[in-house]
């Protein structure tokens, strides 16, 4: 039994509220237990300089936590005048993994900005951001299709993410903050709806890990992501 | 009849959800119509350098908008590397007006950080931030009292704020974005529960205004603030 | 009797030296008692991006204090790498109020930069900056007319500003630093030559204020501004 | 046959020059084919604030490329005024993985700064940085032991890193720049001398990958790292 | 005959106004022809970290130009968020040369901040800053002596500076902007009252220069500095 | 006899390794004794904004030290977020002096970026940077000629630099760090192959210096630079 009563291979309750912010082309509030992230998708009718005149679109992401989303207040990065390393790492991961399921040629010469703003943090904010952003991205894409700006469907597969880890010698799915902060091994896994890996990041926090453990953790993550993708399918239907 | 069906002297629906963020000592989601702001209060057991050893506390505020809270996406100030002028102006206003109803001597040598994060903007974000922050501040203060860290009540009066303006020749209470962006005169008023002014900021956006108009606008604001304070009283009770 | 021997409703001696900096299209040194500000107006033959191709001009302002203009040395904002909140607030105020008396359509697609550099500070630097900048702006506009770059007069009215406040229970006009730093209520008022308000900013520094006090302070400010406008008229003549 | 004549599972020539910079407590030039990185280790007799009085040491890393280490000149991050996301990600990875083989309690209350400066880049700069930094770290630790500042050996295991990837459908060990920039899948693997994983980061650059491919890539990486660790052992001897 | 009617070896009119800013311990307005610089000296009762507990004082300088001091408006370094190379170079030069005539041991553990703010620029702003700052420094030192904070005189010699250059083939003393901007060779010379060099910076702007020219330029500079020192002596008297 | 066994007028051993970085159009490792600097030249096919459409090229330089090039680790300027004064001063000097021997009209509308990265510092890094950059610049220019991008030779003369100083009362050529840090007078001299001065910067570090000493130091520097230019000639041949 885990601290919050879950079984080792059990996800926290997932809740996705669509159209959470009225101005955005796509916007969801995703809740994984006590972790809550607002994900919005904004369409901008231009691409960054390095893509100009290449007949391709772009998907990029930014991530932030509101100061008191966490146990201790986190000073604003705007006040400190720079974006920190952890933020950089997370927003690069979100953008890269979303692009992996988007055909940027079909998207046209436009950018979809994904903004993930954590309003309450209890572990797994980066994976919740990815799972939630996928829905916001889909809604923005459907907006483009309704507006007849694109014809084909640029999103090629579902995309969801989850954390797994070794905590007190046990392999656990979907770590909350208390588990994450004492984990011996921590792994974030991002997969497509067709069950392939988009990103695997395993880190020995306290002790190096063997191939067998890696395999077990990936199996655990795969089982969790299947459930998340099933939920995504219910919300957005088939990709066509 | 206004664009959203209100009368000239009618507030938008007010909704205050307390304990919105589980980690903060005080936290509310305030909604004034479509304007939604998360206000949290964080207690820090030290004061800024200029107050050291003066046996006084401090109340300070920070304000931000999540990028897609607005019609157009607003680039993050963290990415731009600096806090903009409008943000500076608003957070100074929030902090200054909250301090005006706090006896910082009673508060002890600690700081209360107020964070106002706008998640959806439809006009009046700074005034909603102040009205909501008052509740978050009260909850943080009650937390300190329960913890026996302070004995007396440092908050001396209620505090609420509203915008008024002249739009198309009409004087209106509680402007939404559509009204605010076409106003000839724009005024933000902050008052105590006892009906005195803490801050009056009137700006001629398109035409200078006469004393008579100023008086009428202040009367309109006063009527609105009375209703806001009545709501605050219901939520937090008497100040004792 | 006030600390410097003035009556309650008496302005400090005003001295405006035109053409103070030889390079600028408009430049004045304004002295209000011991407060001394250099105000220059620079013409730039382009407008900021958001105004491009709108057949309108722009007026914008920047404000700074030289480090030892004040009792204590103020570290340079360039060395700290960012513009502070107070500076932002003041320069936004100066720019906004000057624009309120300028017909930017008549100005043509150009920008007038107003720079206010405080060389000695003794209270009221922002209001002195506005009163002085008006003259620098007028001189720059007359330069444009002499150069036949514009035909009509884009400046529609005079503009001057003054501070008033409640100090030790007394309502005083044109606060110096000693008065300002102990004021219970502080108010900055900006008015046109025709006696209308452009900006009213009243702040309860130590105690909230009643409507009656607000009215009395505005009356005091109005009397002071009338004298400042009379001086401006002598210097720049009729607006035609 | 690969572009540089190597077999699929063949490392590039490895060359490690110790004592490359005379001032540093540890310093190596590591060359993996045409990739060349200077790694230095600096001992500082204090720890960062979050470790104060915890009787532990710290190991941290910074990474940079000299501007023309690459095909195109890369503007200096000092001139741009901020550290970019890629740099942040890499230096966090280097520091985290080195710490995983260090017993920071044995190290004493001091920091070892690792600096990795890429002077020529041809793919695999982050993995070469880790493999090289391990030697610099060992030399700094031996310096501390010679100086009698520490008694026990704080380094618990060897540490080396390599990249693997899927390029044109083939799984390759130790990608050079030409291979890396066209890879479908890119993976960085960091392992200890005892054959356990410290970090596994696999990224689908163009197509998601199956578990089978992940396994094959990890096997390839493991074979390469074994050779790197063998070279490290020759240089620094047994860890005792 | 030069553009402003001077002879080749003739200084521009020098005017030094003391006690120009009422708050500063030392403050002068120095005018060399149309070049006008406010120099203030501020006493701070502490030293920078690298001098702590060394029983020595420090003298340091900062330099800036107000935006419209020049022909074209110069954007503020505070708005750009960083101090430029030219500013850095000049303020380092001013601080270094002033320190060369100060016995920092006699000064006690305090810092004298020199601020040079150019309000009108017509060439030679750095040399005028040095000549003027010497007076401000002396006044601050005399203030310390009056306050009985120091007993001995820490200033060991007078210090003045001038520019010389080769313009159109002619060697000229004290270049104004028009001369400076077309000079083939530009040299800044800083000397003590006893006729020794503190700093010599000669730069070939358009053509390299021979030893003979260097000698002639130094002779010219020496003659000018003698006159400046004579003026300084009249103002501050003997150094004792 | 000097600390490293040299005579007073003796240079440290000079070693220049060309083509040190494979990507750059010109690149050398210059070693002056224990001082080692990588100098690269990069060709960019555009000019900075202020030179646009003027049919001229540009040469500019940047300088940095890797953190542990020095006795004490120097924090990275990228981490501090700004380029320091010393760095600014040095890179302006390098760029200015290289431009003095280049006919920018012949260069065409392109920029040559010079990057000087100090990997080991033992005094004289700025002068070694200039002497080495001249070779990198020449190699980039010869690259342009081979590519038929330019016809004539834009480099008009050789360029080398050396430091001289007064240390313990003795005049010494080519100071190493130990000498430099105790020098009474420090001078950097940059000369052309034809024996003319491009830059002379003499600084009284501890005592002002007389004309006689200046002359002796310049004679010493001239003798050293002649030898450096002779080495440059051997490497790059005649300038034609």
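First chain written, first letter: the chains are A, B, C, D, E and F, and each begins at residue 1.
Note that in this section a residue touches a chain if its C-beta (ideal position, glycine included) is under 8 Å from a C-beta of that chain, and two chains touch if they have at least 3 such contacts.
Model, not experiment: these values are computed from the prediction.
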In the touch network of chains, how many steps separate chain D from chain F on the shortest route?
-> 1
Which chains does chain B share as contact partners with chain E?
-> C
What's the call on chain A versus chain D, same or different interface residues, using the half cut on shared numbers?
-> same
Using each chain's Cα centroid, which is most distant from the centroid of chain D?
-> C
Taking each chain's centre as its mean C-alpha position, how far apart are chain B and chain C in Å?
-> 28
CA centre of chain A versus CA centre of chain C: separation in Å?
-> 50
What residues in chain D touch two or more of the other chains?
-> 81-83
Cyclic chain order when read starting with chain E and heading to chain F | E, F, D, A, B, C
Enumerate the contact residues on chain B facing chain C in the complex.
-> 82-86, 88-89, 91-92, 96, 100, 157, 191-192, 194, 196-204, 207-211, 214, 218
Residue ranges of chain B touching chain A (in the complex, touch as defined) = 21-24, 27, 34, 38, 40, 42, 44, 62, 64, 66-71, 73, 76-83, 87, 113, 115, 117, 119-120
